[in-house]
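A, B and C label the chains in the order they appear, each numbered from 1.
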Amino acid sequence: MDDTAIKIENLTFFYNSDEEGRAPEDVLSNVSLNIEKGSFIAVLGHNGSGKSTLARHLNALLLPKGGAVTVFGMDTKDEELTLEIRRRVGMVFQNPDNQIVSNVVEEDVAFAPENLGIPTPEIRARVDEALKTVGMYEFRTHAPHLLSGGQKQRIAIAGVLAMRPKCVVFDEPTAMLDPQGRRDVMEIIGRMKNEMGSTVILITHHMEEAAMADTVVVMSDGKIVMDGAPREVFTHVEELESLGLTVPGTVKLMWELRKNGVDVPLGALTVNECANALAAHFQSK
Amino acid sequence: MNEPILKIENLTHVYSPNTPFEMTALHDVNIEIRKGEILGIIGHTGSGKSTLIQHLNALIKPTSGRILLDGRDINESKSSIKEARSRVGLVFQYPEYQLFEETVYKDIAFGPKNMKLTPEEIDGRVREAAGFVGVEEALLERSPFDLSGGQKRRVAIAGVIAMMPEVLVLDEPMAGLDPGGCEEIMENILAYHDKTGAAVVVVTHSMEEAARRADRMIVLNHGMVAMSGTPEEIFTHGGELRRMGLATPVMTDLADELCKLGVKLPGTVYTVEQMAAALMELERGRAHA
Amino acid sequence: MLKDVTLGQYFPGDTVIHRLDPRTKILMVIIYIAALFNAESWISYGVVLIFLAAAIAISEIRLTAMLKGLKPIVFIVVLTSLLNLFYASGDIIAQWWIFKITREGIKAAILMAARLIMLVMGTFMLTYTTSPIMLTYGLELLLNPLKKIKVPVHELAMMMSMALRLIPTLIEETDKIMSAQKARGAEFDTGNLIQKAKAMLPILVPLFLSSFRRADELATAMEARCYHGGENRTRLNVLKMTRRDMIALILGVLVLAGVIVLARFGL
């Protein structure tokens, strides 16, 4: 069986030139990427690097101007397949306020299944299940606008889960949340990958979040400039900083220490890992 | 220690009193903001941060208690409110969504104009403010809506800086920006602080950035001041902060973890630089042993 | 604070009236209004009033909430009553300058005031006991037959529910923008009309821009969640007419019939 969830081949995209007739600039140029089923990919890049534009190609919200995007074997350019693609690739956006469509939590979560024409009893089952997954079941009859940002974002995730997608694209889902909301969302993403076997694509500015992924893809000016395991990508401290990005604090610390001649391993992605490596170094004779 | 410029005395604020929606947002809060200091105010969503800062320039009136600017109650009269609005500058969350003028220049000039300054003064203020946030001359005649997200944010901050406030209050100034953008905004704010000696109050739920340059920090929890002190003092209470739903700096977490593993560090660390310095010291100690 | 405004004025509850199908309630209001406009005498007014009072009592909506809702129409009620009072011909009871008060005038004034107040209260019963979503859904289903003559019923209903969804967000946003501009020294309550209108620009421009941005993002999010119009759409909550609804409708029709019959006999 084919293990590829999404295949991006030489994808090029530009927005049509404006009325002033300026030549369109490529927002994405020649991007190729293979995303395996069940993998967790983090996409990093400064504002305007083309991350979100790339994301919007994964569920046919945008169509390639050059190259092709194939989602679970379906070409996104085939309009007949648009709904089939979108039900398999869910998308969670940055601003929770601008993706909630209803005044009642459960009605909002039901929106996608309703659009898909799923029979009523099954919608109920899906809505309840999705709300339980994100821990918002008790709030099912509340009005979303009275909830906190983190809670709203969990509702938005439930709304996507109710489609039972195979893959979910998160476009900076934590950018507008407080630390608690951020932790909650990341915890759900972790469970989606580990327990539900979903393919997860996470666009983020938070290096600590990216460190949780299997693969980190770094974009700059519409191109993929780095691609590899977080442990590997984050060793390029100076290169990342020159792209307007940072590395997780723990990696930065190790890098500083090594620069000063302390022999510690560079790839410390979590606090635990870093503490253990440091303890091993400082307690050795 | 500098003398206080803004004093918050026994401030209590209740929303929708005597209705089923009654909610106490602030309860008996006492805070001093001192001349020229950088103060970090931290608290999770719903801790009362936003309500607090809107009291500082009389946008909201206290249910009880007072806010004193140089010893004078800012809610005393119309003129005292007006004075507070120009001396205490308030930059809201996502300030770029409040831009409205045709050009960057006009937008920055909005505040000074409302202060009834002369055209020459206004021109000076606009150029100076643009300078602080690194907005080049060439951008001044452009429409603010043509700028990038980070540039818009800086123009919006310049709009408040142009009023030359003695206290500059910013609510989550770095929210939603990429790491490079965050760095730039922080530098802009510090430039204003360093050049004018204004007090800066940064409200945030992320400790990392605030902690790096703050002289003092205040932690709000459930509408009350839960802690106040220097960052060193605050971060010795890592466990308590985490219980309040706040994220402690990664380096503080790391220091706690190292401590558990038996690696003792001198003093409290909360930045990468401090941690590196502390560990280098250990390394030197090892070399001598 | 602007946030306190309760929109749609829905008072959640679990009474028989709350549980009625929204379609039933919409039809009931139409029947009620028809009865009200057919009522001409004290007796028929009394019948309609008992009907209304019973509905209010069953719904457990507090009378103070009802009366509060009447505030905006006080002026209209007083004005129309006065006009009726002074411009009816008949037995003159009192006269002063060009004003004369007649027995018929007094009756007309009272009944007119009663009609207006009862009209508003009756429609409140609908909005107070039905969530805006259910109301929209009910309307959509009632208007469904119009689809045959190419009226975009689903789209209109979707627009209405989107509006309901966005109003609280926009109110919050307006509040925030106002505060932010006030912090920059803007004043909204001084000067003459033109100055005041000009002072609104710093609020309106950002508000419009952000509404467009929100609309755009919301549309994208809806598309991403497979929205493709009303075709083949199912619903989480399906409306079902029950015995309860039938009884209510029959009651309503009886009241209307009664009032019409009474009018036939000049009552």
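We take it that a residue touches a chain if its C-beta (ideal position, glycine included) is under 8 Å from a C-beta of that chain, and two chains touch if they have at least 3 such contacts.
These numbers were taken from a predicted model, which means no experiment stands behind them.
Contacts between chains leave no pair untouched here, as each chain touches all the others.
The interface with the greater number of C-beta contacts, when A-C is set against B-C, is A-C. Note on chain placement: the centre of chain A and the centre of chain B lie 30 Å apart, centres being C-alpha means. Remark: chain B and chain C have CA centroids separated by 45 Å (rounded to whole angstrom). Residues 15-16, 19, 21, 54, 57, 59, 82, 85-86, 89-90, 92, 95, 97-100, 110-111, 114-115, 145, 159-160, 163 of chain B are the ones touching chain C in the complex. Interface residues of chain C, counted against chain B in their complex, comprise 1, 4, 176-177, 179-187, 201-202, 205-206, 209-210.
Chain A meets chain C in the complex at residues 56, 59, 61, 83, 86-87, 90-91, 93, 95, 97-104, 106-107, 110-120, 123-124, 127, 143, 145, 159-160, 163. Contacts from chain C toward chain A in the complex involve residues 131-133, 161-162, 164-165, 168-169, 172, 213-214, 217-218, 220-228, 232-238.
Put simply, chain B touches chain A in their complex at residues 44-46, 148-150, 175-181, 205-206, 208, 245-247, 249-251, 253-254, 257-258, 260-263, 272-273, 275-276, 279-280, 282-283, 286.
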